[in-house]
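Labels A, B, C, D and E are assigned to the chains in the order they are written; within every chain, residues are numbered from 1.
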Amino acid sequence: DDELQDATLYIGWRAEAEFGGFFQALATGLYEKHGLNVEIQLGNPQSNPAQQLIAGKVDFTVGSSGTALNAAREGAPIAAVAAMFQKDPRIMVGHPGQGYESLEDMVGHTAYVGALGMATFWPFLREEFGFSDENVKPYTFSIVPFVADETAIQQGYATNEPHALHMAGIENPVAFLLHDYGYRPYAVNVMARQDDIANRPDFVQSFIDASIEGWQDYLHGDASPGNALIKERNPDMEDDVLEFALETIRQGGFVDAEDAAELGIGAMTDERWREFYDTMVSAGALPGDIDISKAYTLQFVNNRVGLQ
Amino acid sequence: MSETTTAVEATVRLRGISKTFSNGTTAVSKLNLDLEPGSFVSLLGPSGCGKSTVLRMIAGLIDPSEGEVTGSREAGRIGFVFQEPTLMPWGSALANIRLPLDLAGVKPAEANARARDALAQVGLEGFADAYPRELSGGMRMRVSLARALTTEPDILLLDEPFAALDEITRFKLNNDLLALWQAKRFTAVFVTHSVFESVYLSQRVVVMAARPGRVSDDLAIETDLARGEEFRTSADYAQLCRRASEALERAMAS
Amino acid sequence: MSETTTAVEATVRLRGISKTFSNGTTAVSKLNLDLEPGSFVSLLGPSGCGKSTVLRMIAGLIDPSEGEVTGSREAGRIGFVFQEPTLMPWGSALANIRLPLDLAGVKPAEANARARDALAQVGLEGFADAYPRELSGGMRMRVSLARALTTEPDILLLDEPFAALDEITRFKLNNDLLALWQAKRFTAVFVTHSVFESVYLSQRVVVMAARPGRVSDDLAIETDLARGEEFRTSADYAQLCRRASEALERAMAS
Amino acid sequence: MNKTSPLRRFGLPIGLGILTLIVWEGCVQALNVSPFLLPGPVAIYHALVDDWGLLSEALLVTLQITGLAFVCAVLGGGLIAVLFSLSRSVETTLFPYAVIMQVTPVVAIAPLLIIWIDNVRLALLACAWLVAFFPILSNTTVGLNSSDHNLRDMFRLYGATTRQTLFRLRMPSAMPYFLTGVRISGGLSLTGAVVAEFVAGTSGQGSGLAYRILEASYQLQTPRMFAALLLISLTGVLIFLATSFISQRILGRWHESAMEREK
Amino acid sequence: MNKTSPLRRFGLPIGLGILTLIVWEGCVQALNVSPFLLPGPVAIYHALVDDWGLLSEALLVTLQITGLAFVCAVLGGGLIAVLFSLSRSVETTLFPYAVIMQVTPVVAIAPLLIIWIDNVRLALLACAWLVAFFPILSNTTVGLNSSDHNLRDMFRLYGATTRQTLFRLRMPSAMPYFLTGVRISGGLSLTGAVVAEFVAGTSGQGSGLAYRILEASYQLQTPRMFAALLLISLTGVLIFLATSFISQRILGRWHESAMEREK
């Protein structure tokens, strides 16, 4: 019997349903089955997962497509090896009864956007829809200012804010998924060091395969082991919050729709990467001369893992 | 003593005054003292017998633990030369002297002029702009004296103002003080360790004894001579000094 | 002056000493002074003539702007009673007196005993635990004196140590100081404003004149009488005092 | 500070506190403010009681870091000040670097600190220390230079070693300054611990009050957030009172700022 | 601080700085440290030059908030201290609330401030002020209580009004304390401005250095991040030198800590 290989996944955030597949894989022993002894490390919004990865503190991190492209731009020795979310759950939400029919109707309203949002999706919104920096107010991980202002809009996740707003007494908030409006990065990308990709492909492959199986099981099997582990790691987590997020992920097909339906969870394609990159270039958020092939590799995905 | 009639102000009366500090030291015990308006009284006594404490109580800076001080607050303006120079380290000699005038709202030009006069009187013409730390010990004390003199007080309390001065400067300032007193007739209480000085200056020498501080002798300095060189070299003076010295010795022995 | 032969230590020599402070005041100018080992010299002079400055230069606390001081650093231990009490406000009277002993590494028990002796000598038995702010002006000065006496110095510099004391305490301490000096034969430099005191105590009275500070007279106090009450009431004493007074007057007139 | 009767010392601020709470609750009730925006004291109290287990655990974590950071700030700030006081050259050379340490935003270097320092606790401590040490250093440096010049001369004369002068003269003289620095740093250690946790801490178990605040804010449990804030405030006030008390004890007999005046 | 020759005053720290930079670059080169973790000075310098337009603009924004917060901290801290000094009761009653303001984590109240204060700039300013005002308040309060008791008696005797005593006695006595507080708060204003921007965020245009740091960190442009940190450090040192210089000018003629001793 082979020794288990140690692997660390840094999610850079607290435990919640958005990372449910990883927790499910850990809770149900999928990682061990693939010969891995995995530890999931939590973080906070100010941490920089990429640096941890480069420094060799951890083996895998969860990042956005933007991170991967930035790494390619700067020549950082890391790359995306799988995309667990085919659709970024990023939304813009507004109060009901403000006459929002589509995203365009939100232009001109006070918008609570975080600092990182200003460097990622906001340039896209500005370029494509005419949102203006003048209306932006800082988002501080609290929806209170937004709740207090009927006319305001704010950034959010489809898996989270609608429920939070519901709890705050705002029924049926209006939410537009940016994915539907052409902002189409992958999300929950698994990132790994180039070094591991080149020299320990089996190690990376095992991790990806186990994680995919974890996600498969989390969405279509019994999610309770994963949820239990999430709650263990995050005692503040409430059942209804988890439930809402999981339902949203399931119904919105965030993990297993689009390319993933055919290629399996974690799927990535050159076309999608190119498309997203072009979007960012035309929004002015990235320069046009990045060799995006450095940002990701398709070598570990699209193997229909978990599909019958 | 008979009531003098020159005064319009009230007599300062200390009645059964005791002072025990919070650490338990009794500095003054059951002391009685009446200061007639316009009189010049010297306090003589061993070190630590409570002279400074009495002055502070007269000025109302500390309250007696027992007994009552009356008449000093109503008297009007009080001038005080503390035993230490008590100058503001951040102010020049002139600024320090001007302080009481500034506080009283005297116009800057006038205050300056009066302060400069006072400075000259104590022999410090050239030192208007010097800071306290740039002055010698005696010079600092003279600045402090000048400060008290500018105020034209109704009661002037002097706590060993001349101790740090050479005899010649001291004689000069003795005479200046006497002249000022004769001109203005304020009530003066003068603490000194010099028997000669006390006799030379005052109408009355109160001798205090220590532990606890109390009045042990009260000598009237009666002479027909005008105060000045004549008095200082007179037989009267020598005899009065001898009496005061004996009183002091008695006080210390008790 | 003739060399005395009692001394093993070097003569303290001030040669052409001038001192101009950074604000431009010239405190001392071209002063020459030799202090023979074991001698007792008084400095007499008007306020602000540079006496304290000279002491500080002898002690090496400030450097002359011109000229050289030799012999004092080699002499060994220097004791200094500053013009101000210079006590540590956070230490009791005893702690203040012990300080030089503590600094010299004397054992606590011995240091305590010696400090208590010194405290008794200056008449402050009951005040070992009092903080400086709880003491009267004269008491503070006596603590400062006691501190200097505990050190058994080879050179003792005293800057008006008795100015704040009554005459009787002063006489007592004069005699104590004299007895100590006769026993230990340190070199003493004594600044005072009292002509009587200077003559009573010292072998030599150096009279200084002001602006700029310089030596104006240098009187040897020669007498066959032992210092004490006998000397104080002698004709010799009276005559010497008169000469010193005249010298001081000359110094002030110059 | 002078002695004030305990009744006034504690009665007045507590009285004002109670008054504020009543007015606050009244306003919240009267204006019908949503508890998500601003909960009233009653709601906060309930949150405090209900979530006491969670909050007290978090408080303990924060207190540990605060306490350690405070001790390190006092020792570190004090020792560096002493080091600086030994030589003007050392002070001139190194003080700008102390300033750089003070102004370097912990928020910015926290991610790097976590990489350089392997232990998260240690990284948090380093962050909190960075926030808290400077007032002590700065105050103590001034204090050490504020000793009376005549006393300094006296020490020189009696052949005091640098060490003796330091311990017997300069340190006592610096006390009022040092203790003021300590009172400032007490609060800053707490702030530092919270900020550090915010930027460098990990979420989940064993996290301190900052995380609870974030979490509560994120989950719209505003009363719980205020309960956590309340705990932080109370801790700060307690630290302040404790340091003030110590300061009073040390300075009471001799320094103007603490002495009671004879009346 | 006493006067030191400008050569030493500036030469020594700059010399040490250059040395540090050389050693730093050497280590980075020799150990082949990834520039994503710790860039060498040369890389930082290039980032500084290349991104000067971006960074200088951000610096200006941060400087504005720093400057305003500093002014407000000096005025606010000083005025509150004066208020406290006027009555022991006021001090006892309100000081705990000042402590609460000091320790309340900016991170936690930023969202509330953003609601209450409509203007983001103003909210940032308030955050930075909260971070910076306390050392001035605390130091000045002690300073105002440290005036010589004999001088206080003299003022009383000469019938000085509260106002006169304040301006002519207590304020000058408090100066050394106040100015030390100012030197601490100078740096804290900067820290405060940066932290405020970090946690209360910036809105799009006209963002300050904190945003640039976040952005650079996200974009893995570590050298640019260090360049921004460098600017913050330099600003901090400049503020410190300026406040030290002012302090020296004000205290130079009379206070032990600043006076040059006669030799």
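As a convention for this text, a contact is a pair of C-beta atoms (placed from the backbone, for glycine too) under 8 Å apart; a residue touches a chain by one contact, two chains touch by 3 or more.
None of the values given here were measured: they were computed from a predicted structure.
S.K.: Which chains, if any, touch chain D and chain E both?
M.R.: Chains in contact with chain D as well as chain E: A, B, C.
S.K.: State the chain with the largest centre-to-centre distance from chain C, centres being mean CA positions.
M.R.: A
S.K.: Between C-D and C-E, name the chain pair that shares the greater number of C-beta pairs in contact.
M.R.: Here the pair linked by more C-beta pairs in contact is C-D.
S.K.: Quick check for the class: compute each chain's Cα centroid; which one is farthest from the centroid of chain B?
M.R.: Computed centres place A farthest from chain B.
S.K.: Where the CA atoms of chain A average out and where those of chain E average out, how many Å apart are those spots?
M.R.: About 39 Å, centre to centre.
S.K.: From the C-alpha centre of chain B to that of chain D, how far is it in Å?
M.R.: Here chain B and chain D have centroids separated by 50 Å.
S.K.: How many angstrom between the C-alpha centroids of chain E and chain B?
M.R.: 50
S.K.: Using mean CA coordinates as chain centres, what's the gap between chain B and chain C in Å?
M.R.: Each chain reduced to its C-alpha mean, chain B and chain C end up 28 Å apart.
S.K.: Find every residue in chain C that makes contact with two or more other chains and list them.
M.R.: Residue numbers touching two or more other chains: 21, 84, 133.
S.K.: What are the residues of chain D that contact at least two other chains?
M.R.: Correct list: 37, 107, 111-112, 115, 148-149, 198-199, 214, 217, 255, 259.
S.K.: Specify, in ascending order, the residues of chain A that touch 2 or more different other chains.
M.R.: Residues 46, 48, 51, 55, 141-142, 144, 148.
S.K.: When you check every pair of chains, which ones turn out to touch?
M.R.: Once each pair is checked, the touching ones are A-D, A-E, B-C, B-D, B-E, C-D, C-E, D-E.
S.K.: Where on chain E is chain A touching in the complex?
M.R.: Contact set of chain E toward chain A: 34, 36-37, 110-112, 114-115, 120, 198-205, 207, 211, 214-215, 217-222.
S.K.: Residues of chain A touching chain E in their complex?
M.R.: 46, 48, 50-51, 54-55, 66-67, 70-71, 73-74, 76-77, 113-116, 118-119, 122, 133-134, 136-142, 144-145, 148-149
S.K.: Quick one: in the complex, what on chain E touches chain B?
M.R.: 148, 150-151, 153-161, 164, 168-169, 172, 175, 253-255, 259
S.K.: Please output the residues of chain E touching chain D within their complex, sorted ascending.
M.R.: 1-2, 4, 8-9, 12-13, 15-17, 37-38, 88-89, 91-97, 99-100, 102-109, 111-112, 115, 131, 134-135, 138-139, 142-143, 145-149, 176-177, 180, 183-184, 187-188, 190-191, 194-195, 198-199, 210, 213, 217, 225, 228-229, 232-233, 235-237, 239-241, 255-259, 261
S.K.: Which positions of chain B touch chain D when the two form their complex?
M.R.: Residues in contact with chain D: 21-22, 62-63, 133.
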